[in-house]
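Here come two complexes built around chain A, the first alongside chain B, the second alongside chain C.
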Partner chain A sequence: MAELIRFENVSKTFGEVKANHGVSFSIHQGSLHGIVGENGAGKSTIMKILYGMYPVDSGEIFFQGKPVHFKSPLDAIQRGLGMVHQHFMLVPTLKVWENIVLGSEPEGIRLHPSEIISELSLLQKEFGFNLDLEATIEDLSVGIQQQVEILKLLYRKAETLILDEPTAVLTPQEVDSLFAKLKTLKQQGKTIVLITHKLKEILSWTEFVTVMRHGAVVETVETKSLTENSLAEKIIGRKQKPLPKTQTNVSDSHPILELKNVSYDKLKNLSFSVKKGEIVGIAGIDGNGQAELADLLAGVGFPESGELCYDGKTAVAGKTLPLAMIPPDRHAQAAILEFTVEENAILGLQRSPRFREKVLLSKTKISDFAKNVMEAFDVRPRNCKAIFSGLSGGNQQKLVVGRESEKNAACLVACHPTRGVDIGAIEFIHSHLISLKNQGKGILLISSELDEILALSDRVIVLYHGSVAGEKIASEATERELGLWMTGATA
Partner chain B sequence: MFELLESCLRLSTPLLFAAIGGFFCERSGVATICLEGVMLTSAWSAAVVTYYTQNPWLGTLAGLLTGGFTMSLHALLVIFARADQIVSGVAVNLLAAGVTPFLNKIFFSSPTNSPAIAIEHRFHAISIPILSEIPLVGRIFFSQLPLVYLALILPFAAHFIAYKTKWGLRLLAAGDAPEALQSLGGDVKRTRFIFLFIGGLLCSLGGTFLSISHSSQFTRDMTAGRGFIALAALIFGKWRPLPTLFACLFFGFADSLQIRLQSAEWLTGNFPVQFIQATPYLITLLVLVGFMGKSRPPLSIGKEFK
Partner chain C sequence: MNRLKPLLFPFCGFMIALFICTLILVAAGERYSILLESFYNTFFTHFGLGYALFYSTPLVFTGLSVAVAARCGLFNIGAEGQLYIASVALTFVATHLLLPIPLAIPLAIFAAMLGGGFWGGLAGFLKARMGSHEVIVTILLNFIAYSLTDYSILYLFRNPEVQNPESLEIFQSYRLPLLSDLSALVGLETFSTTPVNVTLFFAVLCAFLVHFFLFSTEKGFEVRAVGFNPKASKFNHISVEKNTILAFVIAGALTAGVAVNEIMGHQHKLIQGFSVEYGFTGIAVALLARNNPIGILFSAFLFGSLHNATREMEFMSEKVTKELSFILQALMIGFVASERVISEVLSRRGKKHV
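And then the complex of A and B:
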């Protein structure tokens, strides 16, 4: 395979942060090349440099053997590069075809929708897409929106597709169909660069992988020479820590959280319980009632019928349960992005007298508290005055986990606790959940990552269309069986 | 009744220019509450230039330049100096309200009004042959001031540009998802500046209409909140040109009704005239309270684009 892109000693600094230093590797024509590393390892940065979004500080990029300096994405697009950003670059109010042609409209001032649509239909046929071109973007699922992004690049004659964390927002089926699509595109001669932090995707789909850590390349190797463990070690630069042992004997403790025939929105006659010292995993494909269950427990909603009990008492409408919660959407529900880290560290605890000096909130007490949480939960950088949105996903989540643990509630509801979080933080959060369980807390773990559920839970419940499709002791469950329940087969 | 409808069209005209001007500004993603200020400065310069040159066309040109300049000030502040869009809008409005009487005092030693323009130097109604002779409709629609015709065509032109051309596609993208436009090689800042400038020009026509078509001089604060009513019409019209046309006609009708009611003795005997004068504003308020929830602003309006 011929070399398509070569980075030579590329360095980039933002302020005092060395985002990339001395990055050198090659991408081969027609390959599926993975770039893997933890959040902040510099994998997105190096691709954004290639794509003309940032200028290089030093070093050289070769494209088809010749040095190139793309000044803007437009330059890169004209040379046949295309990037699907982690946050989609679509206009939600416009139609699919309008989004595809935006910026590269056909000749003439006036747009002729029927001509454009028939041209795009040919393009769809060529690459095996089947999108409704007249649909408005905001009415489409994320998976479909992502396909629009890819088609947008193909319309611009992209030969090299760069995908930045494409699966972060997708359901398992959408992930499968995405990779099937990418495989077809590769067979049609396209080069595909996949930026991800998910080991499984790298191992099962890529041919070559470049591992990055702290802004530098660890190495570029053929994927088949790797195992999950050896890849993980390269990414974090050390051996993975095993999960702490679980201790508590669950069977004789009484339930802290209990749902009896609860119906609410998508949830239908849902019954299950969580005992003290137990982790109950809720598995299922996103959209089967997980969000509604989280809303219900957070007090956003109240059962339409049935009974919700906490610590033996029936919940009352309008009164929030005294449980701790890691909400499913970190940005929208767990924190206020524009606030500082210390302000976010006391969200939900702000009425507690421990932060008060007479009647006002005490800045020093808040800072001291935040510093302790940051220390205990390894939130970096250790600057409690930093704006929350500036933190990496893993550090944001560790702060949220820390804050919720400080509530010292008897029950923790953890929704997708490691979504969009790097391996180091996943390790940390997982072992913290186990240690909470060992302290006798009841934990409800809602997650779409089956691996996570199986590794942590004592019992697994599969949610399908708002009801329990099946329940199993985790140690006896197999991924195959759970997968069947997830798609509607009953136990 | 005919007078009522005829004056409704005349009073809707400045609102239409300002509202459609505002349509281009706000759809590009910039909150533009300075329509009022833009109208005021252009009304002043149009009156002054027409008075000195005795040529309303030169006056119109002066109004366009001044209004375009005033809007550019807002555009520069918010797009390039990254000022808050509302604060900048307020600043431009206050500036216009202060600068126009100040300059007027320098020129004519009175802060309140400019000298009257002779009737032969003003714009006059143009009767379209044949059409204007149609009974009833002819007088209302086809015997109007030139800018009235333009104002009535404008929303249709704006609709065509926004929804049928590639410029429109970029306008809507700049207002709803500027990052998307940028990622495809579009220039968000340039797009916004151009559309703000065009919006400023349209809005200026509304200002010149007030001082050299509808009346014959500049008077202090003569826009009397029309820039804000135009903004209300734009919101009421859900930021779409054709519904905005009807919103403007509605507000124009309320205004002409109010003027007519002022001469109705049975009313003025019982109510202070100020109450009647306040009705269009009251209606604006009621309409906004009633319809605000259903109207969705351009998604990135008010947000700074880096």
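And then the complex of A and C:
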């Protein structure tokens, strides 16, 4: 296969952060090339440089053998490159065909919708798409919107497609159909570059993979030569730690959290309990009541009927339960992005007397506390005055986990604790949950990652349409059985 | 040098604005030096500086009022109404209760804060409990406040001896000393006959108090948390309703300073329509200072001194009309506020050279 793109010693610095240094690798014509690495490893940056969104500081990029410097994405598009960003760039109120031609409308003063639509229909046929061109974007699912983005690039005659974390927002079914589509595109001669941090996708779909760490390339290899473990090791730069051993002597302890026939919003007659020293996993496809369960336990909502008990006492409306919680949505619920790291470290703890100097909040006590949490939970960079939104997802989440652990509550509700978080942080958070369990805390783990639930939980409960579809001891559960419950089959 | 940098850009903007305003004035047939003369008078004469500070004082209070609400994610357009209710409460106390000074002054200030705080709290309550949008609520409450003030002046404590609609004079013990009187006590002659009074010190004190409240107390922390992210606040057991009401009560109570400055410090009576839109100018003051309480001291002084400088020009020349003076003020503020544009242009230049 001929070489299409070659990076030679490309470096890029933002302020004091070295986003890329000395990056060199090649992408072959007509291949499916994966770029993998933890959050902040520089994967997106190197592709944005190629795409003309950032200028290089030093180094060269060769395209079809000639050195190039795209000044803007428009430049890159004209040379046959196209990029689908992590956050889609579509106008929600416009129709599909309008979004596709937006920015590269045919010449002339008037648009001729019928001509454009027939042209697009041909294009759809050529590449095997089946989109309703007259539909409005906001009415479409995320998976379909992504197809619109891809068709948009094909309309611009893109020969090379760059996809930045394309599966982050897709359901498993949508992921499959996306990759099927990419495979056909590849067979038609397109080159596809896939930026991701999901190992499974790399291993099952790509031909070549470039592993990046701390802004540099670790190596570029043929995917065939890799296993999940060896790839993970390359990404984090060391062997994965095994999960700590768990101690199970759950049976004799009494429940710390108990729901008795609770109905609230989507939840219907939900009953389950979490004992001390136990991890209970709540599995299920998103949207089956997980968010409502989190609201309920956070005290944002209150049961419409039924009983919510904590430590043997029935919850009263208007009084929040003294449990710790990792909320499902890090940006909207767990933290305040505009606050500094240290302010987020005391969010929810601000009334505690330990941060006070007489009546005022003590800046030094807050900083000391934040520094301790950051040290214990390995939050980087270790700058407690930094604005929270500047941290990577993994570090943000570690801070939230650290803060909630500091509450020292008898029960922790962990909702999607590793969503959008890199491997190193996942490992850290998982072993922390186990160690909390070993300290005798009750943990409710709500997650849509079945692997995570099976690896950590003692018991698994599958939530379907707001009720329990089935319950099983984790060691006896199979993915197939749980998968059936998730789609509505009853136990 | 680095410490001065944040001041450098507004200063550049100010100089550019001076230049452009001078061009406009020359085009209007004025002598080219008139603008500089008026600024000289404002900053370097006792009379000018005294008036500039007097105009700045209420703007500090209304600026802080808008800023506290903004920190909680609320837009307080109601400072104007709140300051009128504060004035009514203050005037009522100060024309009815004959008390000795040590009781009178704190009581009157407290009454004004109560009045303003109540009017602000009303908006907060409606927002928090009924879900009505605070912009609409505060605008409507303004109209009610104007009418209540007029009613009070006409029927509760009208001065029957004058034609104008104004209240009785407040008792002697409620009057605050002017800065010129204070300095006369130590044998200095400052601020000549200007009405700038000790309320100015309260204003500076309030700016620091608000700063401490926002950044060094648990309540201030919660107010800011709600302002940035109500959802995350709820998940961390911070009540959005309570903090909305609290922020509005504080915002309203802060406008009491305007009443104190005007009634206890200067006029010694409540005159119908005394506020020259202090409440609305406060929005601009807070915006320019990006809701930073200490920054508001400077931005209020900018507005106050501009007001004085253009007023001086109106006296000095008949070609400078009220309308023209508004245009000049707007240009000045526009340029000072465009620091981001200026700094961007400069940094782009810098990049090209590298």
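Definition applied: the second predicted complex is superposed on the first by the 458 of 491 C-alpha atoms of A that agree within 3 Å, B and C clash if a C-alpha of one lies under 4 Å from a C-alpha of the other, contacts with A are read in each partner's own complex, and residues count from 1 in each chain.
Following the convention adopted for this analysis, contacts are C-beta pairs under 8 Å (C-beta built on N, C-alpha and C of every residue); 3 or more make two chains touch, one makes a residue touch a chain.
Remember, predicted model here, so these are calculated numbers, not experimental data.
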Review point. Of the partners chain B and chain C, which touch A:Val316 in the superposed model: first, second, both, neither?
Key: neither
Practice item. Check whether A:Gln333 is in contact with chain B, with chain C, with both or with neither, and answer first, second, both or neither. Key: second
Exercise for review: Could you tell me if A:Glu105 is touching chain B, chain C, both of them or neither one (first, second, both, neither)?
Suggested key: first
Check your understanding: Which partner does A:Val17 contact after superposing on A: first (chain B), second (chain C), both, neither?
Key -> neither
Point to revise | Which superposed partner A:Leu361 touches (first chain B, second chain C, both, neither) | key: second
Review point. Is A:Leu243 touching the first partner chain B, the second partner chain C, both, or neither of them?
Key: neither
Review point. For A:Pro73, is the partner it touches chain B (first), chain C (second), both, or none of the two (neither)?
Key: first
Study note, to complete from the structure: chain A residues contacting chain B in one complex and chain C in the other none
Study note, to complete from the structure: So, in the complex, the side of chain C touching chain A is made of residues 212, 216-218, 221-222, 224-225, 228-229, 231-238
Revision key, fill the gap. Listed in rising order, chain A residues that touch chain C in their complex are 298-300, 320, 325, 327, 332-339, 343, 346-348, 350-351, 355-356, 359-361, 363
Point to revise | chain B residues within the chain A interface of the complex | key: 164-167, 169-170, 172-173, 176-177, 179-181, 183-186, 299
Review point. Touching chain B in the complex: which residues of chain A?
Key: 72-74, 77, 85, 87, 89-94, 98-99, 101-105, 108-111, 152
